[in-house]
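The next part holds the structures, each set out as structure tokens.
Paired with chain B in one complex and with chain C in the other, chain A is shared by the two complexes that follow.
Then we have the complex of A and B:
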């Protein structure tokens, strides 16, 4: 069953366009949603949640169309848009008391568990929390009403390495039973290398690739060669950088000709993002 | 819907705005004052302050993320406005009754605090609602222009009503003269006020809900 099924989502703004965004997430998996700042991650997420109106396309969550079943689905989705910035002068306790009333499946025990796990003091005001602690509070809220799908926008930004690692472990334990699915957007790609099952990469409002993580990474190769080796591959490269030693460039694995004897290595997600962004600059 | 109303009352609105109506209501004890002003404080102070708070606390995004419909969001907010208006109205009426008991022989130049006057106040608040609420829901966060239009509409009505009340002997008699002892007349003006207030507020809600469905939550 698909936890998330996005098809042909399009939205035009005066200076930005979301074009034909299509991707699917199987139930019980973690999908990393990556892209540079302004690539359209948040716009896609907001369209998924019916917060903004799309020009065309369809969003189905847990098999149901969000436009027709918004309220029902919002009970089953936990979302956290980075750190919490609502009613920051209120105490955690006060805000939680208001939020929990909206959810039919709110579980106080789970909420208390996450407060303890995240070392959150209910009597503190939100403004007194650090960015990382605010992210954790937001996650505690998102996790306490029994969500089947978690949509997290930059959940690890602002967290220290230990907290990030703890969170990634938590995500993995959440999906382990196969009931919960997670879509999380980030530009900290190392987090995804640790825990994501699928990667969807958005660039300039378009989905460049959406695939199982290994397949996604293996579909690209990072080439390293001398200046003289650049010319034969130049046309096939997505983009490249040159320096005094030669060049480094990204290529679709299918376009690579091993007979050229250029050194090819497995790129990181970050390198894939960087070279795609560079491609744009080259044509400007 | 109930949860949304409670969210506004518990979280968004500073308790000051629940106490303020009582304090402002006491202004009804000023003998022979222009009593429209007592309720206009709602439009001048309470509305800009609480809507500024909604914006400062990013209430639109917060509420939109809850499992609620956009229609319910508007309905709840309109209900909150009506609750606050009644909270201003009730103490003012009570202090108005005290006023009548305290100064039995006072000659009112402006409208006295009789039931018919409260009917006019309800029309004034209805005008405020029908202008403010639909304009506000064009964006659901910009309240300046909407509050200005609402305040202007309410004040123009109050000024006109009061001017006619002074200039026209028939109207003056109805609201301050022998008409005040005509219970049927006073009650019917009050009921007409309630009906107009309810009608204007319902129209405001309908237009606002329609507009809010087109708003993008950023």
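Then we have the complex of A and C:
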């Protein structure tokens, strides 16, 4: 069963276009949604939740169309966009009392568990919380009504390494039963190299690749060679950099000819993103 | 079962899992009938993705090292010393095919490779 099924989403803004965004997430897995700032991550996430109206395309969550079953589905979705920045003069307690009324399955016990785990004090005002604590509070709200699908926009940004590690641990324990699925966007790709099952990469409003993590990484190679070795592969490279020591460039693994004897290594997600971003610079 | 994962290694993590577990099975450290932890539990404990573990387990099964019993889990297969030898040789040969293409890319003859291999077997040099 698919937790998330997104097909051909398109939306045109004066200066930005989401083009034919399509990807799927199977139930019980973690998907990392990566892309540079302004690539369209948040726009895609907002369209999934029917918060913005797209020009075309369809979003199905847990098998149902979000546009037709919005209220029902939102009981099953936990979502968090970064930190809380509304009602900042209120205490956590007060704000939670407002939020919980919207959820039929709100569970006070689970909520108190997360307050303890995230070391949040209910009597503090939102304005008194640090960025990291606001992110954690937002997550506590997203997790306390037994969601089947978590959609999290940059949940790890603003968190220190210890808190990020704890969060990734939490994500893995949530999917361990195979019932809950998680989509989270991030640009801290090291978080994904470990725990994500799938990677979806968006660049300039288009999905470049959406695949199982290992396949995703293995579909690219990072080449490293002397300047004289550059010419025969130049045409196939996604982009490259040269310096006095030679060149490094990213290539689709299927385009690589091993007989050329150029050193080829496994790239990191970060390197893949960097070389795709460089691609535009080269043609400008 | 002992597993040590290196995140800095060039080797994909599922490959590391496969190599370490298959070595322990072939050396007899994990006996036939030994029950492997469930995929999702192993993923959580090892802090790797579910699919990573799934791939490693699938590869072990494909090589005949473990069997999956639906609803019960994965168990180290029951094999004769002959089978063990055959599986071990298959794995070694797979690695050799890979290594050989590397030697060939430098134009080495079999004799030259044997000569170097002999040196390494007798006294592995300290290479950077």
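In the analysis below, the second predicted complex is superposed on the first by the 284 of 284 C-alpha atoms of A that agree within 3 Å, B and C clash if a C-alpha of one lies under 4 Å from a C-alpha of the other, contacts with A are read in each partner's own complex, and residues count from 1 in each chain.
Criterion: contacts are C-beta pairs under 8 Å (C-beta built on N, C-alpha and C of every residue); 3 or more make two chains touch, one makes a residue touch a chain.
As the structure is a computational prediction, the values presented were derived from the model and not from experiment.
Student: Classify the contacts of A:196 with the two partner chains as first (chain B alone), second (chain C alone), both, or neither.
Tutor: Touch partner of A:196: chain C, not chain B.
Student: With both complexes overlaid on chain A, does A:55 touch chain B (first), chain C (second), both or neither?
Tutor: neither
Student: Between chain B (first) and chain C (second), which, if any, makes contact with A:179: first, second, both or neither?
Tutor: Neither chain B nor chain C is touched by A:179.
Student: For A:121 in the superposed arrangement: first (chain B), second (chain C), both or neither?
Tutor: Once the two structures are laid over each other on A, A:121 reaches no partner at all.
Student: In the superposed arrangement, does A:29 touch chain B (first), chain C (second), both or neither?
Tutor: second
Student: Have a look at where A:102 lands relative to chain B and chain C in the superposition and call it first, second, both or neither.
Tutor: Only chain B; A:102 stays clear of chain C.
Student: Would you mind writing out the residues of chain B in touch with chain A in their complex?
Tutor: Interface residues on chain B, with respect to chain A: 3, 6-7, 10-12, 57-59, 61-62, 64-69, 214, 216-218.
Student: Across the complex, what residues on chain C touch chain A?
Tutor: My answer: residues 7, 10, 12, 14, 40-41, 43-44, 47-52, 55, 101, 105.
Student: Could you please specify the touching residues of chain A with respect to chain C in the complex?
Tutor: For this pair, the touching residues of chain A are 28-30, 168-169, 172-173, 175-178, 193-198, 212-214, 217-218, 258-259, 261, 265-266.
Student: In the complex of these two chains, what residues of chain A are touching chain B?
Tutor: Within the complex, chain A contacts chain B at residues 46, 49, 51-53, 70-72, 74-75, 79, 81, 85-88, 90, 94-95, 97-99, 101-103.
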